[in-house]
Amino acid sequence: MQRVGVFVCWCGSNIAATVDVEKVAEVLAKEPGVVFSTNYQYMCSQAGQEMIQESIAKYNLTGVVICSCSPRMHENTFRKTCEKAGLNPYMVEIANIREQCSWIHKDKETATEKAVILGRAAIAKVHLNAPLTSGTSPVKKRALVIGGGIAGIQTALDIADAGFDVDIVEKEPTIGGKMTQIDKTFPTLDCAACILTPKMVDAAQNEKIHIYSYSEVSSVKGFVGNFKVTIKKKARYVDETKCTGCGLCTEKCPQKKVPNAFNLGLDNRRAIYIPFAQAVPKVATIDADYCTMLKSGKCGVCSKVCTAGAIDYTQKDAFIEQEYGAIVVATGFNPIKLDQYDEFAYSQSPDVVTSLEFERLMNAAGPTGGTLLRPSDGQHPHTIVFVQCVGSRCDDSKGKPYCSKICCMYTAKHAMLCREKYPDTDVYVFYIDVRTPGKNFDEFYRRAVEEYGVHYVKGMVGKVVPENGKLKVQASDLIGNQQLHIDADMVVLAAAIEPDKSARPLATMLTASMDTNDFFTEAHPKLRPVESPTAGIFLSGACQGPKDIPETVAQASAAAAKVIGLLNKDHLVCNPCTAQPDELMCNGCSSCEKVCPYGAITYVDKEFRGPNRTTLLRRVAQVNPAVCQGCGACTVACPSGAMDLKGFSNKQIMAEVDAICR
Amino acid sequence: MTYSYFPGCTLKTKGKDLDIWGRASAEALGFTLEELPDWQCCGAVYPMAKDEIATRLSSVRALMAAGEKGQDLVTLCSACHHVIKRVNNDLRTDETIRDKVARYLKLETPYAGETNVRHYLEVLRDKIGFDVLKEKVVNPLTGRKIGAYYGCMLLRPASEMGFDDPENPTILEDFIRAIGAEPVIYARRNECCGGYCTIKDKGFATKQVDAIMENARNCGAEELITACPLCLYNLKENATDGLPVAYFTELLAEALGVKEAAK
Amino acid sequence: MIDTIKRISGVNPRKCMKCGKCTASCPAFERMQFHPHQFVDMVENGRIHELMNSEGIDFCLSCFACVERCPRNVEPAKVIEAVRLAVVRQQGGAHLTPDEIPALLDDELPQQAITAAFRKYRK
Amino acid sequence: MPVNEEFKPTIVAFCCNWCSYAGADLSGTNRLQYPANVKIIRIPCSCRLNPMFVLRAFQRGADGVILCGCHPGDCHYTTGNYYARRRMTLLFSMLDFLGIERERTRVEWVSAAEGAKFAATMNDFSATIHKLGPNRRLEDLRCRKD
C-alpha cells in the first residue's frame, strides 16, 4: 500500500468557486492509503510546491495526487516538484478538476461530487504506479524547414547562424514565397523585393543552409531528435549544377502561351522558365504540362541554345533521404478561390481582380511594368472599388470563419498607392470594420483617409454588373443609409487567406494536429505559440494562422530559437511510459510487432527454466524503449496479455474504471 | 421513365402552351410526365414562417401522391418548384413542422420528405443529359444569341434548392448550347425582375426589367429565355423596350421539331 | 412580440455582423423605409412596431438575394416576412381583399401573380 | 422498465491524450457545459483501449461508455485510431450478441480544436443513455457497494 498525499488546488476562484475544495480534501482523506490531504489556493505557486515537498518528507509519502487543472497544463511542473523532494516523478497523478469539472459545471454540489470521484480515480491509479526512469536518445544536429517563404528563410538563417545545418524544402522552383509577388509593404511602404531578395541571397550563400527547390517532403518517420525524412526532388529537366541562369532558353522557347503563375495568370511565359529575375536558385525549370519536347518529342530548342548543356529531358524525380533533429513547418498561405463569389463578377470580368493580382498590376516587375492598367483593355482606371472581407468572417459553407487579418492593411496600402500615383482616380473601400492593431497601423489607415482622400464606406458590395466596359457596382452605405451605385473601372476583392493545400497531407505525415481550418495548432495558444503539440515539430509563419510580414518574421525567429534550444542538447530524455512485455507470458506470436507503428518490437530467443530442471528456448518479444512512443496498440493486440504499458497499465486503467463506477 | 408532374395554376390557364410544349418535348426525349390527379395550387409563395402549416399542406399532398407511386415529382413552373422543394426540405429537416403536418393530415406515419423534387431542367441535365438532348435536336437554333434569365426562385437559397451555383449558374446556358444556339452571359441574369410587385407598382417592375434588358442587350443577347411564368409575363409586359422573351420549353419544342405538332 | 418574430422566422439576429451585404443586394431598397439590415437590428432591439408601421414592408420581393449573400446565414428575408405576417394577422391588417382582384387583372397576367399577392397581403 | 426520475447515469469516457483529452480541456476552457456524470479517463491513444475496460465498466455499473480519439488520419501515433475503430467494431457486435443496447457504447473522433464538438457529443450521449435507462444486463450485482 502506497502512502498517498492528496493536494486540492483552488486555482484562485477557478476551481474553488464551483467545487467545495475543503470538502473534497476531507472526503479524499478517508480513501485507503491516504495519509495526508489538504487544499491550497495556488498549488502551482512557489509556496504550493514547497508545501508538497515538505509534506512528502514529513509524511514519508510514496504517491502524490494533485487535484488541479489539466495534466496537459501542469503535470510536468508537479513531477519536477516531487522529483526535487526525492520522489519518483512518475508517482504523481493529476485529477483534472478544473477543465473537466469546475469550468463545465455550475452547481456546486454536483461539481464537488464529481471532483471527489475524479480524485478517487487518481488515488486508485497512484496505488498501482511504479517508479519509472527515463532513457535518453541522441539528437541529430540538423534541422529541416518545410517551405521557403519569408518565414522559412528567416528560420533557416537564424538556425544556421547558431551553427547548425539546415535544409529548406520549397515546392516552387524558387524560394521567396508570397512576398516575392508583393509590391510594397505596409506601413512603411518600402519595396518588398528590396528587403526580401538580400535575405534570399543570404540563404543561398550560407554554407550551413541547403536549399531543395522544386521539392516536396514525401515521407516522415521517426520522432523528435531522430526524424527520417524522404525529400522528393521533382524533375525540372534542367541540371541545377550546370545551369547558369542566363535565361537564353526562356527567350527562345517556342511555346509562348503558358499562363504565368508568378503573375497569377495575368500574362504568359514560356514552357521553360525562371519565375522572376531574382529567383534563388536562378535555375530554369521546364513546365512538363506545356513542353512540346516532353509531350511529343519534337522540339529541343532549349537544349540547342543552352551553352552549358544543362537541359536534360530524361531527368526523373529523385528521392533523398536525410535525418533531422527538428522540423519547422513554414508552408504559408494562399488566397481562397473566388468561384463561389460571382456576385462580384470575378469570373465574368477580367477587371475584377483579387488583391494579390492587383499587387502584380502595381508591381514594376509585373505584367504592366508597374503602370496600373485594366486587364481588359489596358486603359487607366479612374474609379476603383475595393471590397474587404471577401470570404473572411463567414458563417456559411463558402467562406472562412476567421478574420484574415492582413486585408485591412494591404487594402489601405493599395488605396493609398493608387491615390498617390494617380491622383485623378476615385478610390472607394467598402469595409465592415477596419482592423488596424499593430505598430503605426492605424496611423497608416488614417493617412489613407485624411491625406489621400480615399473614400471609406461602411457597407458591402452586393452586386457587380459588367456592362459596356464599366463595372456597375451596387453597394450599401450603412452610415449614409443609402444604396450606392458606382460605375467603376476596376473592382479589387480582398480574398480571405487559407493555409496552403499541402499543409493537410503534411500534418498527417508529421502527426501534427490542425484546427478545422487547416491551420496548424500550437502546443499552447499563449505560452507555446511556435511549437506543435508533437515534439520536435515547430511552426513558423502563416501556417499557424493569418499573419503579416513583421509577425511572420518574429515567429520565424522564435521558432528558430526553439529549434536551436533542441539541437543544442546532445541527448533527449525519452518518455518512460513505454510498453513492456511479461516474458513469462509471451508466446512469441508476433501480434504486437504487426501493430507497432515504430518498429520498436523485436523478438529474441531466450532460455527459460522448464519443468524437471530442463531449459526451454522460447521466442519472446522485446521492446526498444528509445523507439517506443507509448501508444499502447500492442498491449491490446497481445492475445495472452503479456504486453503492458508502463504508466497506463491494464491494472491502473481498470482501477480508474472501478473508482469511477463504484 | 415516368415522373409525377405538378403543372401548377398558371400552366393550366394563362400558360397552356408552356405546358403543352414541355410535355411534347418530354415525349420526344423519351420520358413521360404523368399529371397528378388531384393536385392543388402550391400557393405561389413559399411560406417562410415556421408556424404556417396550412399553407404547406397542398405541397405535402402532391409530394405524398408522387411518393406513393414511387416517382419523382417534376415541376415546370419555377414558383411551384421553389415552394414544393422547400416545403419538402422543411419536412425533411424540421421535426415540428413534420409532426404538425402529420396531425393536420391525420397521417399514421409522418411524411418526412422522402420524395425527390426535380425541375424539368434538372431532369434534362441529370437524367437525360444535355449531350443526349443535343443529339435529339432536329432544328438546331444555330446563330441565335440567347440570354438566359434565371430570376430568383430557381437558384435561391442555394442551400435548399441545390439547383446550380446561385451567383454563376450554367444550367440554362448549357441548355441553350444543347439546342444549338449561343448563350449570352450577363450579370443581371439572377437579379430579381420585380414580378411580385407588378400588381402593386408597375413602375417599379418596369425599372427592374429595364435594367435586366439593358444589361442583356449590352452583352449581346438578342432574345431571352426564362423558366418562370411570372418572370415571362413581367419581362414581356413591363419592359419599356424589351427583347423578345420566351419560355424555355418553347425553344426546346422548336429544336426538337415538336412545336407545331403539339399545338 | 420580439420572441414571436424570432420564433416564426427562425432567425437569430445576434448572428448579424452588420456588414450590410443584404442591403447592398436588395433590389427593393428605394421602396422600403427600413432596409434588410435594419430589420435585423430593429428586431434585436425591440423596435418591432416601427417596422410594422413602416412604408414598404410589403415591397420585399422575396428574391432571397439577402439570404443567399449573407455571410453569416442570418436570413433577413425571413425576418421581413415575419414582420409582414405580424401585420396581416392583425385585425384589418390585410392589404388585399377579394373584391379588389377583378380590377387588377389583365389578360396576360399569370394566376401566379394573383395567388402570390393574395398570399402575401392578406390572411 | 420505468425510467427512474432520479436516474443519474454513470458514463465513462476514454479520451486519447493528444486530441480528445485536449478537446475536453478546450470545452472546459470555453466553459461549454456537459453533464457531470461523464467522467473522463485519459489514455495515451484510442488504441490503448482494451475492450476489456469497456466490459469492466459495464460490469461495475457504468451505464454508457464512449471512446474518443483523433480523427482518422490525424492519430498522433499515425495508425492507432484505426486499430481502435476495428476493435470497437468487433466489441459492438459482441455486445449486440449479448443483448446490450447498441447505443450504450460509442466511438467519436474529437480533435484538440473541437471543444464544442466534445461538449455536444457528451450532451447527446448522456441524453441517449438517459433514454435507455440504467444498465442492468451487464452489471455485476456482487460489485455493488450500496
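Labels A, B, C and D are assigned to the chains in the order they are written; within every chain, residues are numbered from 1.
The rule is short, and it goes like this: contacts are C-beta pairs under 8 Å (C-beta built on N, C-alpha and C of every residue); 3 or more make two chains touch, one makes a residue touch a chain.
All of these numbers come straight from a predicted model, not from anything done at the bench.
Visitor: Go ahead and name the chain pair joined by the largest number of contacting C-beta pairs.
Guide: The chain pair sharing the largest number of C-beta contacts is A-D.
Visitor: Could you grab the centroid distance between chain B and chain C? Build each centroid from C-alpha atoms only and quote it in angstrom.
Guide: The answer is 23 Å.
Visitor: What is the distance in Å between the mean C-alpha positions of chain B and chain D?
Guide: Spacing between the chain centres: roughly 49 Å.
Visitor: Measuring centre to centre with CA averages, how many angstrom lie between chain A and chain D?
Guide: Each chain's C-alpha centroid was found; their separation is 30 Å.
Visitor: List, in ascending order, every residue of chain C touching at least 2 other chains.
Guide: 65
Visitor: Give the residues of chain B that touch two or more other chains, as numbers and ranges in rising order.
Guide: 167, 191
Visitor: Mark out which residues of chain A touch at least two other chains, giving numbers and ranges.
Guide: If we look for residues of chain A contacting two or more partner chains, we find 343, 463.
Visitor: So which chains actually touch one another? I want all the pairs, not just one.
Guide: A-B, A-C, A-D, B-C
Visitor: Okay, in this complex, where on chain D does chain A touch?
Guide: 10, 12, 17-19, 21-22, 24-29, 31-34, 36, 39-45, 47-53, 56-57, 60-62, 70, 73-80, 83, 87, 111-114, 119, 143, 145
Visitor: Under the touch definition given earlier, write down the residues of chain C that touch chain B in their complex.
Guide: Of all residues in chain C, those touching chain B are 7-10, 27-28, 31, 58-59, 61-65, 67-68, 75, 77-78, 81-82, 85, 104, 106, 108-117, 119-120.
Visitor: Once bound in the complex, which stretches of chain B touch chain C?
Guide: Within the complex, chain B contacts chain C at residues 8-10, 13-15, 41, 43-52, 55, 77, 79, 152, 155-158, 166-167, 191-192, 194-201, 204, 208, 229-230, 232-233, 236-237.
Visitor: Hey, which residues of chain C end up touching chain A in the complex?
Guide: 15, 17-26, 29-30, 35, 37, 65, 69-73
Visitor: Spell out the part of chain A that touches chain C in their complex, as residue ranges.
Guide: Touch list, chain A to chain C: 343, 389, 393-396, 399, 432, 458-463, 474-476, 478, 481, 483.
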